[in-house]
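Should a chain be cited, it is by its letter among A, B, C and D, assigned in written order, with residues numbered from 1 in that chain.
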Amino acid sequence: MSVIDTVPSPVRLSAVAAPGQPEPTPALEKLYRGFEEELLVPLWTEIGGLMPLAPNSKASPHLWRWDRLLELADEAGRIVPVGRGGERRAIALANPSLGGRPYATPTLWAAIQYLMPGEDAPEHRHTQHAFRFVVEGEGVWTVVNGDEVRMSRGDFLPQGGWNWHAHHNAASKPMAWIDGLDIPFAYYTESQFFEFGRDELSQAERVAPEFSRSERLWGHPGLRPVSQLESTPSSPLLAYRWVDTDRALTEQLALEDEGHAATLSPGHAAVRYTNPTNGRDVLPTIRTEMHRVRGGASTLARREVGSSVFQVFDGEGCVTVGERSWQVRRGDMFVVPSWVSFQAKADAGQASLDLFRFSDTPIFEALHQQRSEVVQQA
Amino acid sequence: MSVIDTVPSPVRLSAVAAPGQPEPTPALEKLYRGFEEELLVPLWTEIGGLMPLAPNSKASPHLWRWDRLLELADEAGRIVPVGRGGERRAIALANPSLGGRPYATPTLWAAIQYLMPGEDAPEHRHTQHAFRFVVEGEGVWTVVNGDEVRMSRGDFLPQGGWNWHAHHNAASKPMAWIDGLDIPFAYYTESQFFEFGRDELSQAERVAPEFSRSERLWGHPGLRPVSQLESTPSSPLLAYRWVDTDRALTEQLALEDEGHAATLSPGHAAVRYTNPTNGRDVLPTIRTEMHRVRGGASTLARREVGSSVFQVFDGEGCVTVGERSWQVRRGDMFVVPSWVSFQAKADAGQASLDLFRFSDTPIFEALHQQRSEVVQQA
Amino acid sequence: MSVIDTVPSPVRLSAVAAPGQPEPTPALEKLYRGFEEELLVPLWTEIGGLMPLAPNSKASPHLWRWDRLLELADEAGRIVPVGRGGERRAIALANPSLGGRPYATPTLWAAIQYLMPGEDAPEHRHTQHAFRFVVEGEGVWTVVNGDEVRMSRGDFLPQGGWNWHAHHNAASKPMAWIDGLDIPFAYYTESQFFEFGRDELSQAERVAPEFSRSERLWGHPGLRPVSQLESTPSSPLLAYRWVDTDRALTEQLALEDEGHAATLSPGHAAVRYTNPTNGRDVLPTIRTEMHRVRGGASTLARREVGSSVFQVFDGEGCVTVGERSWQVRRGDMFVVPSWVSFQAKADAGQASLDLFRFSDTPIFEALHQQRSEVVQQA
Amino acid sequence: MSVIDTVPSPVRLSAVAAPGQPEPTPALEKLYRGFEEELLVPLWTEIGGLMPLAPNSKASPHLWRWDRLLELADEAGRIVPVGRGGERRAIALANPSLGGRPYATPTLWAAIQYLMPGEDAPEHRHTQHAFRFVVEGEGVWTVVNGDEVRMSRGDFLPQGGWNWHAHHNAASKPMAWIDGLDIPFAYYTESQFFEFGRDELSQAERVAPEFSRSERLWGHPGLRPVSQLESTPSSPLLAYRWVDTDRALTEQLALEDEGHAATLSPGHAAVRYTNPTNGRDVLPTIRTEMHRVRGGASTLARREVGSSVFQVFDGEGCVTVGERSWQVRRGDMFVVPSWVSFQAKADAGQASLDLFRFSDTPIFEALHQQRSEVVQQA
């Protein structure tokens, strides 16, 4: 049985003596038995948990070390085949307080995916939105609707829902990367569709070009092909290359040095990956950003509605999530639950600490539920 | 312990011989132990449940009879006080396959609320969006930000998140109505805030006027006060009166009789409650509509992403939800889970079957995840 | 020759001695002759007129008396037939400083239209947006796409571009009303299309019902037919009745009396006619509003980008437009040019002064060019 | 007197015998005298001109040769100083049928601007939207709100309304470029504001950097600074460099060669300059694009609502505007009036014909008035 199954259980109510609760009497007990029979639950026994003063996340702050993820993925690479049915050799972070389910946070899936030399992951499509981010390695191409997208260190590949996609490893070495999706959100809201595609890629899809067609059409700053004027919910640009991201972050810090407003706070540069058709997030449900904290500097401590997953791209430093703190390095992944504060500090001896981040914030912005605040530091 | 609490459980994985699954071997078992230690879950054991071909709702179709709801609410009226802490004498529908939690569907809360003569429900506010709908009775006023809104049969009262509100029963009889909220969605996505207000209403808030200030400002068709030009996420109009709703439905059927396009399908009229500042749904997360099926007519059978709760406002007929069918009458409530088909048929001897409906559709429209289809009938 | 024709004239430049102008020399004269030959004009001779510090309207404040308009329309009713070619017995206000062209302001057309008993104005459609407003009289129906819309005192009938329309007078007396259109704007921007329709209405279009189908579908506050969910640039509601407008204004003043924020300024109530599909203006290029100034009260003096035309609907008072002031009464029409201040004062002995207003403001809001300010009063 | 002044003329009406016109009788003449006295104009004498079946532009197709523009600008450079009052050494195209006014089309201003070595054009700001495009030359920097933007061949510099700006020529040679603005539209709609700035730039504004701060912040494909999340009506990216534009066009033609959809029609590539905050046009009232027609290929013949101005950036070919055709080469400018067809053909011996284009289309799209169609070719 899968870890996500829930055993249906009947309504169970008990009268207790507590502030705000009705007196436990035989009449109340009888009423509660009536509620149970009719499948009813009163608000007054549940309001504290259901309607807290502020989000009180079921998820915990937690850190996964990249070396262990890689070690286990590598072992899986040797003994678990990739093919139709299992679909992908992807191994998901399971937040320690979400019941053993493969949820990094209540809404977000984060997994390491691994492909051996010459292997293919078969084609499928689903309405869940997805992206890939490459912390190290190269050699794999993701084929989206027949368009081959190279994956190299620092590259970010968004992939909006309902696009056909497959992967192939064209190199002589295994390659790992991370996948982010809104699988838990789609599962919870029961809004997902899935379809199997072809079992094999064509030869034309194994050419392994340096740039995808999507980049050649869309990867020019502020320039839009006149043949493609529709605004699309997800980005038509299928790769955001590290060379561009790095230059953008470098320039923000340089502008700060020259006295101009460009950073989020002193020493903290950040870019958001956006959909060139509308300037908004690349995916309707997932926000993705790259943050750079200058060596010795810190971000502000902030908390916000919604949850995030981070992966350290480069550098070393210390991150604090609520009451937890960890010294982190390349590849390490950690989660920040809803309304829990987050702060990062780059080690002084480093050029910078670079953090890739994804979050469910677009959901809350679309529904006018977003809130955030800077938390006073001790 | 509250019914909504989850016991954190560790990751538990077992190797099984099944299509699409890796061969159960000692090496695989060892790998799975490694996953458990590191809080990891592979996609290949979960994909069938997590990523189904189409939504496969955890919720079940279910019907609650109004006479039993009213009976239990009345009993609660006699023995459960209303006051600070419990906040409301509200009793929620608990879908039989959602683990005993007070969720009509995975995203929606539906409750009967009950107030005795002279009683007050104390002031509070929360970011969860809410509405009231009155299937019968009168005498209660909801006070929203100091504006008193009368509640009478057929009236619909939306109340966007974060507005102060209280209720008072100014009559000599108890009154019941239904509340709809997005409590489960907000709980799941961990995006909710709550604040207690004043314990007592002022005398000025007990005048019990026929029309609220919001209606006097906003309740004129197509006319907007020039002093209020901002578009707001929730409707500033706090009551939609039955006389208007009834006339709108009557006119749709009359136009159909005269040969003009006005109904959804023959004999099926429907109006959506909308926010006059932007023409969209009255609440960012909840759609609300009134449907009228002419005696002897049926709606089309349809299914759509997202879940609904219905209450029969008037008339009698038969409703079919997936494989279940019920003969229904005034006040009965039932749920339609995501991607389960729904069809209603009004009894032939009736003028019409009137159904109030609320659903979570705005969430999916905002996130570009909406799908619906007419289902072929046998 | 039509009054709107322009005689093409060649470029003519002359060198003058003036601040900011180059020295008039033979070399400059030679340069200017070169410009003329090549159809060129320098900025430096034109910048003062072309790029003023603030809008400096070519239009003048002006008042037209209703009794004279009616008198001339009545005379036209006797000697000018209505039919295909001339299309309408409409007589337009020609602003005194716009060169004799039929433009109330640079962008707006305002005319009195007149129909004799039993007369029809033939069907046509055009992309120019239009409305009718009835200051007095009754008996005419406007037929829009086959839907008959009654016209009575105080009624406002918007009609978005490219809808077929005709008029018929079903009464035994002549009737006058005003038409407002964006004809000058469309003419200037060269964006208009026109098509002739049927020469005769059918008998089914002469039934003269009390309410149009559009009102029966759309004229219910906050209620939208579920069969009509598209947002449309122009309002699908084809009549806004005086009874609703009057009640909305009355309530604003009553709310003010009770101490609540509802008016624009003390004693000044106003409603905007809006498109129920999106809460915005009824027409993409024309804003329409009804203002009520309580007897003895004044509006604030304001000026804004864009021009307006007013018609006095009821009451008496004094209006001030820039440096001009007039005592006005029912039916009088006047224009407020761009960036010229406007203020109205209702006579003390009156219940109120009611002013219908239309303006080109949506153009500037759509293009992010809108500005307005309260002008300090002496 | 400036060429744009209009002599106010009174209303003049004459009765004529013509189809659709009332019979010329003494009574009609008397009626017309009444109209004249009261400043009224009937629709029936004007409808043919005012409300044509389709746009019938007052502007004419016309071509200006770059060598003559440059020659005259150079002469102006020697004898007309640049400074406060005249503000800019800009020389505007005056469409031959727009009465000698400096309007390339009814809505658009197009001018050659010229700056001598070491010269400054003083700082000012205006609500009119502007851009610069450089067909050849270099050495000038535009300083926008203190940010220095280099201008080199092929570069496009948008500049939204109400930003402070000045120019300085840091080179030892004169430089010419073209300016495009919505001056005629703003003048006609009377919506413009203007303010003088500092007379002198600071030394810090004469450093002449290779890239402006705006490019360093915004010039990265799909990447947005997290410190700048507001959507702005005009683009915050102040330069779009030729290297990017050229590569985007080259890739479209290469993709076409490889069999993929990327061009507008065979051999016709085009990019639109867009605002990275929302994916829309760089300016609210002006659309700007670069088109490339492969040697020997043609564009489709199209016409659309609204007018355009083109400048040949490179290559040679033949352009056809309505009934006119010209053989064109680098720098030549021509206008396409509203609803007049346009087609370009690149000479066969050429790599390509590159055409820079600007138009007033965003006005019509914002107001839902846009139409276009492919015209059948003979």
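Operating definition for what follows: a residue touches a chain if its C-beta (ideal position, glycine included) is under 8 Å from a C-beta of that chain, and two chains touch if they have at least 3 such contacts.
The model shown is predicted, which means the values in this text are computed figures rather than measured ones.
**Q** Starting from the defined contact criterion, work out which chains touch subunit A and subunit D both, please.
**A** Expected: no chain.
**Q** Which chain has its C-alpha centre farthest away from the C-alpha centre of subunit D?
**A** Using the mean of the C-alpha atoms as each chain's centre, the farthest one from subunit D is B.
**Q** How big is the gap, in whole Å, between where the Cα atoms of subunit C centre and where those of subunit D centre?
**A** That gives a centre separation of 30 Å.
**Q** Quick one: subunit B and subunit C, Cα centre-to-centre, how many Å?
**A** Roughly 44 Å, centre to centre.
**Q** Provide the C-alpha centroid distance between subunit A and subunit C, rounded to the nearest whole angstrom.
**A** 53
**Q** Between the chains shown, work out who touches whom and classify the graph as line, ring, star, complete or other.
**A** The chain contacts form a single closed ring, each chain touching exactly two others.
**Q** With touch defined as at the start, can you tell me which subunit B residues reach subunit A in the complex?
**A** 2-13, 19-22, 25, 27-28, 31, 34-35, 38-59, 62, 64, 68-69, 72, 75-76, 79-81, 83-102, 106-107, 111, 126-128, 161, 183, 185-195, 233, 284-285, 305-307, 337-339, 360, 362-364, 366-369, 371
**Q** If we count contacts the way the header does, which residues on subunit A are in touch with subunit D in the complex?
**A** Within the complex, subunit A touches subunit D at residues 213, 216-227, 229, 231, 235, 237, 240, 244-245, 247-248, 251-252, 254-255, 260-264, 270-279, 282, 289, 291.
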